[in-house]
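Two complexes, one shared chain (chain A), two partners (chain B, chain C).
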Partner chain A sequence: MTLEMFRIDDRLVHGQVVVGWGQPCALGFLVLVDDAVAQSAWEQDLYRMGVPPEMEIIFDTVVTATARLSEYRADCRTGMLITSDIDTMVRLAAALPDIRNVTVGGVHHKPGRIARARYIYLTPEEALRLQALAACGVTVVAQDVPQGAATPLDVLLRGEGPT
Partner chain B sequence: MSSRNPETTLPWRVRAAILLRLFAIQGAWNYETMMGNGVAFALEPALRLLPGGHRGEPFRQAMTRHSGYFNAHPYLAAVAVGALARAELDGVPVSQIERFRVAAPGPLGSVGDRLVWAGWLPFSSCVALLAFGLGLSPGGVVLVFLGTFNLLHLGLRIWGLNAGWSQGLDVAATLANPVLRQAPAYVARATALVAGMALPVAAHGIIGPGRVLLGGVLASVATGALIVTLLHGRLEGWRLATLALAAFVLFSMVR
Partner chain C sequence: MSNGICSTMTSEMTRDIVAGHGGFAEGILSAVEQIAGLSHRFVSLSNAGLEPGAIERLLRDTIAAHGTKVIFTDLPAGSCTQAARRVQRDLPELVLVTGAALPTILAYACGSDIGTAAEKGRAAQIVVEGTRDA
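Moving on to the complex of A and B:
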């Protein structure tokens, strides 16, 4: 197994990740890529408490994640990389062309964002960034849990995602 | 992360009001703010203690701040509510409070989901199934389920509020509690044990000593498993459960 999943989710570590994906996919490690969290000891402590004892959580900035991706790829455990926003994933994908699949698992409401699915709200700029990511050959889908259907980006941006 | 002011107190009357309101934390749940309105509602009695009371500007700003998006496990949200109440009354900088509101929900949701939804709820269901198999009346089975489930439910809410209040924003130490860290694994083992006892006893209770219904029960189970497998990824669990419940009610009425 290896680092297989790349997820955008503004909640980072939460039940859908740890239980929803963690148990059926037997996740062995999580790579949390967030420049602010990577500099904040108390936030790391908090996120560390959110994962079960048998799951490792690693905190990276975009720069350190880029440098260590081959190491994560070589890991015999199944892993998931999570970013809290689209920008961070776009920066990672630009630095690492071997990221071929990105799942949008949760981008929640803020002023200026429009509902695209019940768990995805995007500003027009964020929608454009996801389209640009897809134009680079990355398959972008929306999927919150493994039991849910994966919604292709074009369907999502038409507002026809899960409601 | 933050220095707590030991002189800040939360009157018991206010603490009881918060606890009571925590039961309605999902009362205004919606996809935009999730339980944000509920968090503000639960915090409101504490925020009235801010300078100027409920007509003051600090109160208004805090209520606005806490009505925004917040999504955690409903029971463990008590930890966040206690911590946020302490932070607001201690006068912790708004930037730290807002950062906490972003960081805390995920881990609280994760711990709660593992402990309650993936652990204690199946355990309580298996205990109730065992009670059914042992011949308890329908009302008794319901009471066993509610009693078992709410033992943890109520305990988590009360403990969470107190722990959040005493730790403030340094709540990671609270989540490091061995009960929260290790309990899901032990509860899973206990569930497997109780399920192993409950299933044959309950099946015996349904089928009875004869084997007349055995074929029908096995066929129903196999059909149900096939339908669930075929619908995997197409239909969400709660919709499937609602359909099954509706079919069961319809069958009972026709019968």
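Moving on to the complex of A and C:
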């Protein structure tokens, strides 16, 4: 096993991640990539609180995650890397061309965002960034939980994702 | 008499919060109502469809409206728990109980203090394995 899941989820470490994915996939570690969280001990404690003892959580900035990805790839445990927003994942993917799959797990409603699926709302700019990511050869799908279908980006952007 | 009125007014004004995934809170309060008729002491909140900032705002608005003292959430890792902890930074008198289930909330609704209610919730978790008659 290795770091094999790259997820965009504005709730970061929450029930779907820790339980929904964590148990069936036997996740051994989470890499939370967020420049602000990486600088805040309080924020790290907040996310650490919800992680079971058998799961390690690592906090990185985009820069440190980029430097350590090969280390995560070599880890014998199954891992998931999470960002809270599309921009952070785009920055990571630009620095790390071996990121080939990205799952949009949850981007919820905010003013200016349009519903694309039950759990994904995107501004036109965010949709363009995901399309640009896909144009670089990254497979982008929407999927909140393991039992849910993985919806391809083009289907998602047509508004035909899970409702 | 005035104490009684005051107490009644306080209990009417103060409502605690049950918050969690999907219909968790609504379901719990439905059970509280069926068993004890005390669901009016609580407000149910769901995180469904809400981004983290919206959950936090919803909690803050509800606390302000109802004078909430205690928030019960389902998962320690849940987004409602995280939002409640952010609110606690500004309102340190607020008590958060995670992993809450019906026995805990019911005990609290019926008058147990929060520590006792949590203990009752833990004590109510019993694994019963079946046995075959020889």
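Just so we're on the same page, the second predicted complex is superposed on the first by the 163 of 163 C-alpha atoms of A that agree within 3 Å, B and C clash if a C-alpha of one lies under 4 Å from a C-alpha of the other, contacts with A are read in each partner's own complex, and residues count from 1 in each chain.
Just so it is clear, a contact is a pair of C-beta atoms (placed from the backbone, for glycine too) under 8 Å apart; a residue touches a chain by one contact, two chains touch by 3 or more.
Every value quoted in this text rests on a predicted model; they were computed, and no experiment measured them.
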Simultaneous placement of chain C and chain B on chain A, clash or fit: clash
Contacts of A:Gly15 with chain B and chain C, given as first, second, both or neither: both
More chain A residues in contact - chain B or chain C: B
Partner chain in contact with A:Gln147 - chain B first, chain C second, else both or neither: first
Partner chain in contact with A:Gln23 - chain B first, chain C second, else both or neither: first
Which of chain B and chain C A:Leu69 touches, first, second, both or neither: neither
Which superposed partner A:Val102 touches (first chain B, second chain C, both, neither): neither
Touched partner set for A:Met49, first chain B, second chain C, both or neither: both
Single chain B stretch clashing with chain C - from 117-125, 153-161, 207-215 or 225-233: 153-161
Touching both chain C and chain B, counted on chain A across the two superposed complexes: 11, 13-15, 17-19, 42, 46-47, 49-51, 108-110, 118-119
Chain A residues touching chain C - in the complex, by the definition given at the top: 10-11, 13-15, 17-19, 42, 46-47, 49-51, 107-110, 118-119
List of chain A residues in touch with chain B within their complex: 11-19, 23, 37, 40, 42-43, 45-53, 108-110, 115, 118-119, 121, 146-149
Chain C to chain A touching residues, read off their complex: 21, 49-54, 74-79, 81-82, 85-86, 89
List of chain B residues in touch with chain A within their complex: 1, 31-34, 69, 71, 73, 99, 103-114, 117-118, 169-173, 175-176, 180-182, 184-185, 232-234, 236-237
